[in-house]
Amino acid sequence: MPSPTATLLISCPDQPGLVAKMASFIYANGGNIIHADQHTDFSAGLFLMRLEWQLEGFNLPKDVIAPAFRAIAQPLNAKWELHFSDDIPRLAIWVSKQDHCLFDLIWRQRAGEFAADISLILSNHPNLEHTAHQFGIDYHHIPITADTKAQQEAIQIKLLHDYRIDLVVLAKYMQMLSADFIAQFPHIINIHHSFLPAFAGANPYQRAFERGVKIIGATAHYVTQDLDEGPIIEQDVVRVSHRDQVNDLIRKGKDLERVVLARAVRHHLQNRVLVYGNRTVVFA
Amino acid sequence: MPSPTATLLISCPDQPGLVAKMASFIYANGGNIIHADQHTDFSAGLFLMRLEWQLEGFNLPKDVIAPAFRAIAQPLNAKWELHFSDDIPRLAIWVSKQDHCLFDLIWRQRAGEFAADISLILSNHPNLEHTAHQFGIDYHHIPITADTKAQQEAIQIKLLHDYRIDLVVLAKYMQMLSADFIAQFPHIINIHHSFLPAFAGANPYQRAFERGVKIIGATAHYVTQDLDEGPIIEQDVVRVSHRDQVNDLIRKGKDLERVVLARAVRHHLQNRVLVYGNRTVVFA
Amino acid sequence: MPSPTATLLISCPDQPGLVAKMASFIYANGGNIIHADQHTDFSAGLFLMRLEWQLEGFNLPKDVIAPAFRAIAQPLNAKWELHFSDDIPRLAIWVSKQDHCLFDLIWRQRAGEFAADISLILSNHPNLEHTAHQFGIDYHHIPITADTKAQQEAIQIKLLHDYRIDLVVLAKYMQMLSADFIAQFPHIINIHHSFLPAFAGANPYQRAFERGVKIIGATAHYVTQDLDEGPIIEQDVVRVSHRDQVNDLIRKGKDLERVVLARAVRHHLQNRVLVYGNRTVVFA
Amino acid sequence: MPSPTATLLISCPDQPGLVAKMASFIYANGGNIIHADQHTDFSAGLFLMRLEWQLEGFNLPKDVIAPAFRAIAQPLNAKWELHFSDDIPRLAIWVSKQDHCLFDLIWRQRAGEFAADISLILSNHPNLEHTAHQFGIDYHHIPITADTKAQQEAIQIKLLHDYRIDLVVLAKYMQMLSADFIAQFPHIINIHHSFLPAFAGANPYQRAFERGVKIIGATAHYVTQDLDEGPIIEQDVVRVSHRDQVNDLIRKGKDLERVVLARAVRHHLQNRVLVYGNRTVVFA
């Protein structure tokens, strides 16, 4: 069992001395850095950094770290997040009828691949209730029609609050979320079954087949109000041939979807992802 | 030195007995098949086949094979091509200023990776004339402006005829060909520096960078009148990270471009590619 | 629901006319070939072919096909197998303590990715009994020690017969099988957690880490009496970096192991794999 | 033209405060860090870091930086290297008869993919002299036999000194270097045409074919006295099938060899590679 750690994710306008300033803050308070990674986007004039250090031996109590760092961050105009590895985030997994990403995330969580509590499974279909209960997870069936969307989203938002959810993972949830929903709960990762920006929107495998591509892909991204346009966290691809029909693309794609989504969720939960503009830095 | 071979590429409406019929034609005339590959696209109801056999010991003289096969093909409504491995195709490579694909194709041709004569290098810029002459290949500099395009294309077409060119390879030729040109000379392979259909059109690396993709690609395709919409022959990809600026994408992309283009040209020259609709079958 | 098919897998000394002979056998009996693929290994002088055709409309009853084909195969000195897609093979999955490949194979079978009955799960540990029962599959716990190996293998062999097992899949079964066992039941696929022939034997991830490789792999192969030396069916790899410790290699490797094993099992069950010497032809 | 930079590569026993100490050294002297990357190997108790900063505005003159940093490094028991981006390293490329890696490195150097002077081409065969002269590079033909090896290596060492060579790149040089040679000139990168540790030694493609692998690879590594056992810098792989004969493996392998070697040389020349034990950290 490794000792708990704290992680800072920082972005601010670039200037000399930032690495020294950040690292000195940790060192001056007795911390031992176990991971320091830094990136400068020169065209954007932006400095980005991830710092992870052991809490054991650190002189500042957990609740004093944020105020203490704020004194450093404010003059730098920095955006920053502070996370503790012993605060276990709470996940809601949203599905429709397909179960492969759901099964995969549950299996990985139980195998210890990421530290999170899968608190809630939510679906617009009843099909996967049995699976949820098989693993002892609450399941809420919230059907959506054009007419009921607004009121059902209100119920969804309430559930996210009731379950104190930190992150929603759309694991092949085949409904669009309204802009209003996303504004209220912006912490959402989606898996799209194409190599974005190719085949954004509906039926990507059918369209990939019709276009005759030789490689298909999957993309995990944060959800924003522009469909399939959010910041990309992870992508991967697999080769197909003329022997592969649409069904084969779907089958091969499932293997991509689950591994790409799992990598993105893991990176996010380990606080390795920084978003700026429509891009991500993944300090992997 | 392997014995010369003949290759048939056939597509026709599917019906029982086609494999037997094709193979029996070869066998009945004393031929030894060294490669038989077949594919049926059930949704299109189409049968596609590639047959390669040794000419040594084959009873029909080369000039009788086509008429003899026509008698079989016609009742089947088949489209077909017949090629002989000792007819060396003549290539024209078209470039602008970048030399990586040109160098690569020349090196591969000299290394024996494909059997072809690189008869002509054509460019809208003078830059690569020295390179062409270094390898003893004729170079024609044909600048293009909006005003001169029609008359310059006439000169290009004349050159293709004068040099008896079988295939044009656009090896980073940064000019669009007119529909009229393509109608007159339809045997053209292009390399596009993106993973089509993503980033069709201009500046794909810049746009890939802006979109924040985690993987970039390259696509070799036959040229049709719709820009970047022709049948795809080959694609490949490489992973990029937040550390890669546009220049790094361009650098990494060059490695993709040359290998993807080379594979496509090789498949084509070995008569392994069958086009139907906007798709290809590559009997690799 | 597609119509049932028959599949012939044939290998014999090469000679002219084999494709015609095989295809004509199908056609003469009214069959419609849906997949014909052929390969000649010239250095071995060996012809190999896979033929799949629809049973609907085929003139020969199922039990007459083998005798009828034998008359063709015998003079050619051919080795061959005949399979029918409506004969569902029976699988035994053998595991130790790790569950990722087991879960994956069960999920794929239920998702319809391959047609097989998972009849039996066998293990040298009790750990996964609950998982087996969760999916309604019989579980037999057969612990092995150096002293009991021979008598326990006799029990295993009896189980394979009692359950009429066609294929054993070693899904991270961490025990070696005796030569005697393999002689009695030779239809076994294993997943080895390295890119064979690198890191054959024990602790491949530890050794890969110590060697400082930049890519790790997994290999699915038929089991022969030489450990990790059997014919390879499928391999795949994933990139690692200096940031990956042994635990990360194990985690990344699990994703490889399950997908590589699943592809191999699927290819085998669809009768796409032909073994000759220590090599496989996979007509994928 | 970017401003010149200095790069420090440091490794030392891990202890708290190292990132702060290193970064503060740069900042205190007015430097602007453009790349800071750090790795801790906890099992080895080792801290490794790469720091790159702009020389423009840095208060210490170039010749004072090393002595100034020594005062920091010595108490930490650190091993370290200091490089300046405007000191252009001098390369010797060693070849036998194959030209693909040679051509590729020359092309990349001319394309600006790495900053180096290719000062010398050395070969145990006369074949590539014309190529060398085509690009205006000196060529020395030094044939090797068992009897002459010692005296020829003395000549080689003298050439490396005469040409003030910083790095030898074995670009398919098919001779082994003696332990004595390596002791005298240890800065050597080799490309091995297999996925090490698989198929170390002679004829890897032939042996890969015989083993029936489904993927082949190439490995770039530093040369040590144990053949093919040196620290790996970069590896990559490509898929092969039963259709690929040994010649096809060789052809496909060439594409791997040149790209893997080029990446390794580039990483080395950009001072991104740190060796410890038999491993490398590549701060890419």
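So that you can tell them apart, the chains are marked A, B, C and D in the order they are listed, and the count of residues begins at 1 in each.
Just so it is clear, a contact is a pair of C-beta atoms (placed from the backbone, for glycine too) under 8 Å apart; a residue touches a chain by one contact, two chains touch by 3 or more.
These numbers were taken from a predicted model, which means no experiment stands behind them.
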Among the chains here, which has the CA centroid at the largest distance from chain B's centroid? A
Need the CA-centroid distance for the pair chain B / chain D, whole Å please. 37
Mind checking the centre-to-centre distance between chain A and chain B? Centres are C-alpha means, answer in whole Å. 42
Mind pulling the residue numbers of chain B that touch at least two other chains? 42, 243
Taking touching chains as linked, do they make an open path (line), a single closed cycle (ring), a hub with spokes (star), an all-linked set (complete), or other? complete
Which chain C residues qualify as touching chain B in the complex? 16-21, 23-24, 26-28, 30-38, 40, 42, 239
Which part of chain A faces chain B closely enough to touch in the complex? 39, 41-43, 195-199, 210-215, 217, 231-237, 241-243, 245, 277-282
Name, in rising order, each residue of chain C that touches chain A in their complex. 99-100, 103, 107, 111, 113, 134, 243, 251, 254-255, 259, 284
